[in-house]
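Got a structure here, written out as structure tokens. Questions coming.
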Amino acid sequence: MSRPSEQSPAGGFRARLHTVIFEADTPAGKAFDVALLWVIVFSVAAVMLESVASVRVRYATALSVAEWAFTIIFALEYVLRLVAVRRPLDYMRSFFGVVDLMAILPSFLSVIFPGAQTLLVIRVLRLLRVFRVLKLGHLLGQAEVLMTALRASRAKITVFLGVVLSIAVIMGALMYMVEGERHGFDSIPRSMYWAIVTMTTVGFGDITPKTVLGQFIASVLMIMGYGILAVPTGIVSVELAKASHVSLDTQACPGCGKQGHDLDARYCKACGTVLDWAVSRSESR
Amino acid sequence: MSRPSEQSPAGGFRARLHTVIFEADTPAGKAFDVALLWVIVFSVAAVMLESVASVRVRYATALSVAEWAFTIIFALEYVLRLVAVRRPLDYMRSFFGVVDLMAILPSFLSVIFPGAQTLLVIRVLRLLRVFRVLKLGHLLGQAEVLMTALRASRAKITVFLGVVLSIAVIMGALMYMVEGERHGFDSIPRSMYWAIVTMTTVGFGDITPKTVLGQFIASVLMIMGYGILAVPTGIVSVELAKASHVSLDTQACPGCGKQGHDLDARYCKACGTVLDWAVSRSESR
Amino acid sequence: MSRPSEQSPAGGFRARLHTVIFEADTPAGKAFDVALLWVIVFSVAAVMLESVASVRVRYATALSVAEWAFTIIFALEYVLRLVAVRRPLDYMRSFFGVVDLMAILPSFLSVIFPGAQTLLVIRVLRLLRVFRVLKLGHLLGQAEVLMTALRASRAKITVFLGVVLSIAVIMGALMYMVEGERHGFDSIPRSMYWAIVTMTTVGFGDITPKTVLGQFIASVLMIMGYGILAVPTGIVSVELAKASHVSLDTQACPGCGKQGHDLDARYCKACGTVLDWAVSRSESR
Amino acid sequence: MSRPSEQSPAGGFRARLHTVIFEADTPAGKAFDVALLWVIVFSVAAVMLESVASVRVRYATALSVAEWAFTIIFALEYVLRLVAVRRPLDYMRSFFGVVDLMAILPSFLSVIFPGAQTLLVIRVLRLLRVFRVLKLGHLLGQAEVLMTALRASRAKITVFLGVVLSIAVIMGALMYMVEGERHGFDSIPRSMYWAIVTMTTVGFGDITPKTVLGQFIASVLMIMGYGILAVPTGIVSVELAKASHVSLDTQACPGCGKQGHDLDARYCKACGTVLDWAVSRSESR
């Protein structure tokens, strides 16, 4: 995310600001991140507490004060971020730019539109800002392994979701026929909801089959569903096993064009050519 | 599924039709598949919406018109398919031939037998037609890996299902004795339904043990069941691992002793030495 | 299970009987097994149907006749088994000997003690006899892989069960304190039942936390429990992976005493000595 | 835990006491451990029984006597432990020192503060003392494999927990908006409790979505949650696989080309040829 800041005198302040706000390898940058983390956590906690009726009534003033304090802090931070980056519009349109704006907008909007109070729940999305900070933390490597594993399984997971949805549709229609409206299966969409509740082994029990045939179909669905849902676990296990072994390097060999070299490879495993990007990389460290 | 169509003048039109309808590697074939996919999805959505009581009452006419439009499209497509293949009877008796027929029959039957309205739910099976189209898509490879994994585990899964069913029968009979009709366990089949609900960790809660002994047996069943149900996950994981060949070579380079080369590596990635065991291996094949 | 029957004239009939009843590699033996399998399945189905109140009332006579027919068949089979084996007492005291006796006893006991009607449910244990027959089937190999995997994990599973039970006791006591009798947690054993229902992700919902603190503890237990219950799945996966690769051979090399050779090994992998038991085995096939 | 006790005449009694109480490799030490194990189990069972209202009323005296007997035994043991160790303060401040004290304190405190009766549930923590004894048992190795697997996954599990909590917060806020107080989602914390109940597939069913939109979001959460929760299983599987070294050599024999040799194989198991890569590997180490 951080690009090398140029040393021109004009950009000196901006560069230093950028280092503090966007990076975490200086003491000031680290302190800023930790402070921001706590403000985010407290602001989300305040939103959560405000949703509890008894707390909302008793501590109305305190919560309102806290909310405006958080909003002002986030607004200030947002302005600083706009100043710190060279292309503010690019930042504003980026994912985290939108998240940062959404952290301050609801409070201001609630003044203009008093009826939009319930939309204040959107403030809980401030939590997403935590990930911006954590991204700079030491957990990055682990998160990347997990993400790589999930991304590599994307195609398999798509097939899997298609099969799960198809079974939900067909089983839902079947149960709608067999059990009918008397037993809570009052439409195919609702029956599909039941089928997903059953297949994922959640089993709320708000809708349950009452007829013998319905209970038999449900039994089949449960056992079948369990087998099917073993698939994502298997997929993730295998991909995790791969991700914790194999390389993420996407560079091609200059000699033969072969890809898939390990991160520590210095010679092409197919033709023995020196992988110069590997050498330059280890020198740049 | 697609066989090379011969270039005789008589079969020219049929061959071109076959290419469009049954194959997907020409622009026309691809467009046909995508269009068909959307018609299927909309027709299934219409069936689902029709099952919602409030929608059915308000949009009765619109749904009826849509239904007949879909039926006519599918009927037309069915006729075209019959024309396009060389042995129509073989097609009609194939799995997808029957599915294609079932997509149009219910609507026509509902005119002849007005009482068969509820059987229109069968129309939801149109969804199966999606798989015919997807079969030609880019997800085929992934689906095949999953299918191979499941097929390879067939014998293990049969043993597993036998054990699960036996435990369900025996635990069901036990709970029928212990809890009895007062607490909802009013027959062995119903107790078996409860045992499966419990073992698969679905846990609807429509039937629950009330006595101390019953709750103890249920606890044993839950923990036991969890262990047993770890088996399909394990089976699928292992088969998936096999199917996607997660193996890293554990041989050491004769030049520098470095380990962890890929199976297809012919040169050491650390020092560039020829990996002679790799050469000898490929020669011995 | 089958030992080579000697060819003495006296034991000729018994040997032939043994071949039919206990073995499955002759046509007669196979036919006997298949017939027995169906009788067992029907007799268990009859017990299950008898437990359904409406069926019991309407088909009382038919069920009674069927029950006695099954009892007589099993009794006859039991006598034949006693005749066929050389040491009847050993057979009677074996696991399957007891199961075979339990298949016929309940019916006879119900004549002597009319009050023991409910104990007839024991007849459902006839189902266990299926495993005797299946043991001779082609699924044996797969079952053995599964059993080997489970047996190899025994020590790990014991540790795991100990941890699960300890968490159940401590969490149960905690919830008993926090939620108390008003919310259904009316004793530590019942709270333990709830903790197991929650940890195994069954979640009946017959007892649920109502206080904020109770729901917080429950949330911790659920997430913690899910992590803990990932352990048996992991254990079984790993053992299955091992079991489907590695040898079950327990023979030691005659040259160096090394154990752990694969089933298809003909030379000791440690010292190169010819494994003569391997040679003799492949010759005996 | 046990350090070699010096042979000075002054420390002779203490050393012998230490051997009996803290170690398990002498007959006396083993007998002490087994006896202690049973006392712990019985004392925990007594606490559990006391929590059952009907038992508490009927066997009040017996339970009180038993409780004091256990307290005296544990107090005596605590004093002996203090005598046996050279630095009693260190022992008192260690984890198991505190657990040992907590095993006797509640009973004494209940005499001084009669109102603290309910706090007697703390006595159930005596169960933790079992682990001190088991630590010396033969299950240590297996427990260590499990602990190693879990510890190695710590960073991944932290990331995972962060993601699960974030989803719970955001989904909880969403459902609080969509379903509202009428359907039981009466605050964000309670909605988060519901989200965790749903994501972990526990599904109590005490709070369930009633609106169509709520049921749709719940369906998405369930399927998404299932995928996410496949992650810990995958993590544990992979770490367990690593911890128990499931690797088979994939090298081919230079003599016959046979693959699948164990990592420690030095001769081809099929033809007896020296596996030179194995030799060169062991030399290069």
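The first chain written gets the first letter, and so on, giving A, B, C and D; residue counts start at 1 in each chain.
One rule holds for everything that comes next: contacts are C-beta pairs under 8 Å (C-beta built on N, C-alpha and C of every residue); 3 or more make two chains touch, one makes a residue touch a chain.
Bear in mind the structure is a predicted one, so any value in this text is a computation, not a measurement.
Shared residue numbers account for under half of those found at the interface formed by subunit A and subunit D, and the copies are therefore classed as meeting with different residues.
For A-B, the equivalent interface among the listed pairs B-C, B-D or A-C is B-C, as over half of the contact pairs agree by residue number. Set side by side, the interfaces A-C and B-D show unequal numbers of C-beta pairs in contact, with more at B-D. When each chain is reduced to the average of its Cα atoms, D sits farthest from subunit B. Per-chain Cα centroids separate subunit C from subunit D by 28 Å. Subunit A and subunit D have Cα centroids separated by 30 Å. The centroid of the Cα atoms in subunit A and the matching centroid in subunit C are 44 Å apart. Per-chain CA centroids place subunit B at a distance of 39 Å from subunit D. The residues of subunit D that reach two or more other chains are 189, 192, 201-205, 233, 235, 237, 241, listed in rising order. Contact residues of subunit B toward subunit D in the complex are 201-205, 233, 237, 247, 249-252, 254, 257, 263, 277, 280-281, 284-285. Here subunit D touches subunit C in the complex through residues 44, 47-48, 51-53, 118, 121, 124-125, 127-128, 130-131, 134, 139, 141-143, 145-146, 149, 157, 161, 164, 189-190, 192-193, 196-197, 200-206, 229, 232-233, 235-237, 239-241, 244, 246, 248, 260-262, 264-272, 274, going by the rule given at the top. In the complex of the two chains, the subunit A residues touching subunit B come out as 155-156, 158-160, 162, 166, 169-170, 173-174, 176-177, 181, 186-189, 192, 198, 201-205, 208, 212, 215-216, 218-219, 222-223, 225-227, 230-231, 233-235, 237-238, 241-242, 245-246, 260-262, 264-272, 274. By the touch criterion given at the top, residues 201-205, 233, 237 of subunit C touch subunit A in their complex.
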